[in-house]
Amino acid sequence: MSGRFRTECRRIIFQSTRWDEKAFDVILILAILLSVALVMWESVPSIAPQTRQLLYILEWIITGLFTAEYILRLYVSDKPARYSRSFFGVVDLLAILPTYIDLLIPGAHYLMLLRVLRVLRIFRVLKLAKYIGEANTLMRAMRSSARKIAVFIFAVLILVLILGSLMYLIEGAEYGFTSIPKSVYWAIVTLTTVGYGDISPQTPLGQFVASIIMIIGYGIIAVPTAIVTAEMTHPATPSSDSDPICPACGWESHDHDATYCKVCGDKLPTPASSTEVR
Amino acid sequence: MSGRFRTECRRIIFQSTRWDEKAFDVILILAILLSVALVMWESVPSIAPQTRQLLYILEWIITGLFTAEYILRLYVSDKPARYSRSFFGVVDLLAILPTYIDLLIPGAHYLMLLRVLRVLRIFRVLKLAKYIGEANTLMRAMRSSARKIAVFIFAVLILVLILGSLMYLIEGAEYGFTSIPKSVYWAIVTLTTVGYGDISPQTPLGQFVASIIMIIGYGIIAVPTAIVTAEMTHPATPSSDSDPICPACGWESHDHDATYCKVCGDKLPTPASSTEVR
Amino acid sequence: MSGRFRTECRRIIFQSTRWDEKAFDVILILAILLSVALVMWESVPSIAPQTRQLLYILEWIITGLFTAEYILRLYVSDKPARYSRSFFGVVDLLAILPTYIDLLIPGAHYLMLLRVLRVLRIFRVLKLAKYIGEANTLMRAMRSSARKIAVFIFAVLILVLILGSLMYLIEGAEYGFTSIPKSVYWAIVTLTTVGYGDISPQTPLGQFVASIIMIIGYGIIAVPTAIVTAEMTHPATPSSDSDPICPACGWESHDHDATYCKVCGDKLPTPASSTEVR
Amino acid sequence: MSGRFRTECRRIIFQSTRWDEKAFDVILILAILLSVALVMWESVPSIAPQTRQLLYILEWIITGLFTAEYILRLYVSDKPARYSRSFFGVVDLLAILPTYIDLLIPGAHYLMLLRVLRVLRIFRVLKLAKYIGEANTLMRAMRSSARKIAVFIFAVLILVLILGSLMYLIEGAEYGFTSIPKSVYWAIVTLTTVGYGDISPQTPLGQFVASIIMIIGYGIIAVPTAIVTAEMTHPATPSSDSDPICPACGWESHDHDATYCKVCGDKLPTPASSTEVR
């Protein structure tokens, strides 16, 4: 009987085809969204005491639900210890802990952030949905261009460091560039085209250098876009060994549809499964 | 006679080749633009009373024209009930209703928006024009990448929620981050590189986290661009199982709609549901 | 003798291979840049009277040079009337007129802009240079995607109109949204991610709608980029008539490298000079 | 013995496979980062005198390390004179000079920038790492599209000059557009979508023209992105005369480096200098 119940629970938790499995997912998502909405609402200073009372009660209901779900997941799992140490296991625990800790240490401010992290639990539900394929495509494109993007961000950081220091010399403390870290912050605000305007160059020379930074920022935004686009349009092969190599001359960068070596004219071995090296 | 008149009206309304058909379209577009210009002009506080009088008269002339056109469309249509419930039927009705309602409930402020929606009627006229092909290409590219963009926007929203809450903890109410919703609003303003500057981080740690948000925002703008570009360069097919391989010559990169090998002319195995791998 | 002189002048003006031809181009570019720098400098309020005197003299020297060049071009041209009515003929005349008009109507403010337009003359000189090929590639890509971009900008304008009006209703005059035109201006500032911050939403609902506008703006910036990128990566053929049409089944959208019809397997007429239709 | 020591030093400095070679690289990177952090920290006005004392001592330790390394590099090099005149030789010297100069001319402000330039030394270490391949791909894509980007930036500068002058005429000094250079600075801030908001148009006509500038800026950001993306997706060859056409089978889309037809294996006419038309 207990085994039967456990199997049923497991099915409802981990699958999402039948109506009760779908209902579980939908209720979980709604509970997560409500939970995050509660945290956001609570932080608004101008709410009435009775509303705050209501939010407090709702918070405990949500926490009760999440606690029941956490215990259920531990009960259903074949390896509860492994689940509790996994990424989603930790997120699930973090989703319920803050409310209990709040009883011991009332008003601990930083617990708010832990409660916002509950939103990460939504990914677990979506994992079962059809959107995961699309997310995978995006992740793959970003992962395979991660190194190029790292080089790009590194170059941007060095650029921002040098330009920020230069502006600190040019403008100086009287126009808001009070220190190099602050000037570097300004350079990032400018290069990324955010442009708050809390600090802005006032001297003609400063405005001239700022103009150059802006045009650089406007131009180099092309680089990460080009990297990811190139990756999504023509995904690189996991290993570029599968490219046909000419047995006669050893030339490597043939097209995927080449039958003959374009350098020596010799016939290529097997044209199957290859991509342009990039 | 009446049938003759109805056929003529229908021709003038729905086609756009002859001079009178084109004239109808042009007059309609001008009336729509004038109508929207009137709404905008009326909202300016500093206009003189006699100008306001003129705007009022012009508004009624436009409404009269639109009413006549609406009745004509009902008369011409074979299924008037279906037309009146269609998207453009509703827009056409919304284009004339506000002015009449204004007689009953004078000064209803929200009617302004309904009158601005008249601009949507312009799409109906352009539907007949040559730009529709280009619009279709754009729509198709956006529709087929809609799911990837949804995943991206969802990820951005979660990022913004966590970063906004973090900034609420770091900066706090004294620097304008008065609540989590406001901090999330600030995070969106920063991540999208809009950067109003109405709220901006003041503490060194806050500026450091803000810099990271900006660089993330600057980097991930590449993602939607890459998605749409990849879609426009190589439009995908609904399903993407596997490419048909020619059994005779082994050619692999056939289109999804190919029945015969484009290299050797041999019949392909199963032409259904295939696409270039992406 | 005069004919000899005319031929020499024409060679120096229109070619740029020999040293004297190159020297003419370089002097012209320097004169144009100096001329524009003069206009910019003159507009600075804080310059000393004696500097202003110097700028005035320099302005007359430049104008003398440009006048001599204009007369020379008229003299050298086979059809002076046609040259004077051409685009660059008008620009050349506009480059010298403002200084003379200034003698008759002193201090005419708008003449400044005419003098700045001299910078356009630089394109004439660069026309002879090697950069023209690159400029042509860019121009071709932009021209062939002009219609798609027009549709996109039209859609953006309608979006901005509706969202601007909505924000006028939500925020109202007390938070700076004094009229619909001003709200539309704000919507453009926000959607294009410029974000001055001179007007920014203050009510929670306004900030929520603004967040949606920002995310839309952040997302749809992908569209023009995707259009131009697709155009530059795979330029469309001037006429898409050159695509091979299957003589047996009439199928049109074959690849440029197809030898056999992919629908009926019939041999295609001539595979030469064709591109994927896009 | 000395030769043995020199070989060892050279190995440790220039290679990065064994543990001691890797340790040298890691220590160097840490020293550079610490050194730059010191400069940034020193510039903060609010640090305590005893902290400043500590920073001063740390600065001298770092300078000692860098001086030792510089002498070692001179000693190890086969051509010390050539090294000292090379780019990294100059950067290495600039990394140590400022601290010594500071003894002679105390408090020279501009030396700060020279010390920040030490961050460039990090590139030398990374040169040995695996990221260099990715950096090369990026550099190649940017270098081969440099001319197109130059044409684009030149067009942007002319646009900004004309639009800035126009706004100077429209808005005038009373709304912050005090001179043409300042107006051009504003036009750059707007076109690049930075949008500080320190200067923003106040008149209706000015806001209208500004809206046009913003939409232009929003649209033409596509251009550099498209250039770099096209370059990364299909890298071009230096010269682009015409594609080789196979005399045997008429195949047209050969690569620029193809000597033999990839479809029929026949020799191509002239393999030199060809590329895909783009």
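Should a chain be cited, it is by its letter among A, B, C and D, assigned in written order, with residues numbered from 1 in that chain.
Methods note: a contact is a pair of C-beta atoms (placed from the backbone, for glycine too) under 8 Å apart; a residue touches a chain by one contact, two chains touch by 3 or more.
The UniProt protein names, listed by chain, are A, B, C, D = Ion transporter.
Because the structure is a prediction, the values reported are computed rather than measured.
Enquirer: Name the chain whose C-alpha centroid is farthest from the C-alpha centroid of chain A.
Expert: Here the answer is chain C, farthest from chain A.
Enquirer: Do chain A and chain D, two copies of one chain sequence, contact each other through the same residue numbers, with over half in common, or through different ones?
Expert: Counting which numbers both chains contribute, under half are shared, so the two copies meet through different residues.
Enquirer: State, to the nearest whole Å, the distance from the C-alpha centre of chain B to the C-alpha centre of chain C.
Expert: The separation of the two C-alpha centroids amounts to 27 Å.
Enquirer: Which integer distance in Å separates the CA centroid of chain B from that of chain D?
Expert: Each chain's C-alpha centroid was found; their separation is 39 Å.
Enquirer: Give the residues of chain B touching no fewer than two other chains, as numbers and ranges.
Expert: If we look for residues of chain B contacting two or more partner chains, we find 181, 184, 193-197, 221, 225-227, 229, 233.
Enquirer: State the interface residues of chain B toward chain C in the complex, per the touch definition above.
Expert: On the chain B side, the touching residues are 36, 39-40, 43-45, 109-110, 112-113, 116-117, 119-120, 122, 131, 134-135, 137-138, 141-142, 149, 153, 156, 181-182, 184-185, 188-189, 191-198, 221, 224-229, 231-233, 254-255, 257-267.
Enquirer: Note which residues of chain C are touching chain A in the complex, please.
Expert: 193-197, 225, 229, 233
Enquirer: For chain B, which residues count as touching chain A in their complex?
Expert: That would be residues 147-148, 150-152, 155, 158, 161-162, 165-166, 168-169, 173, 178-181, 184, 190, 193-197, 200, 204, 207-208, 210-211, 214-215, 217-219, 221-223, 225-227, 229-230, 233-234, 250-253, 277-278 of chain B.
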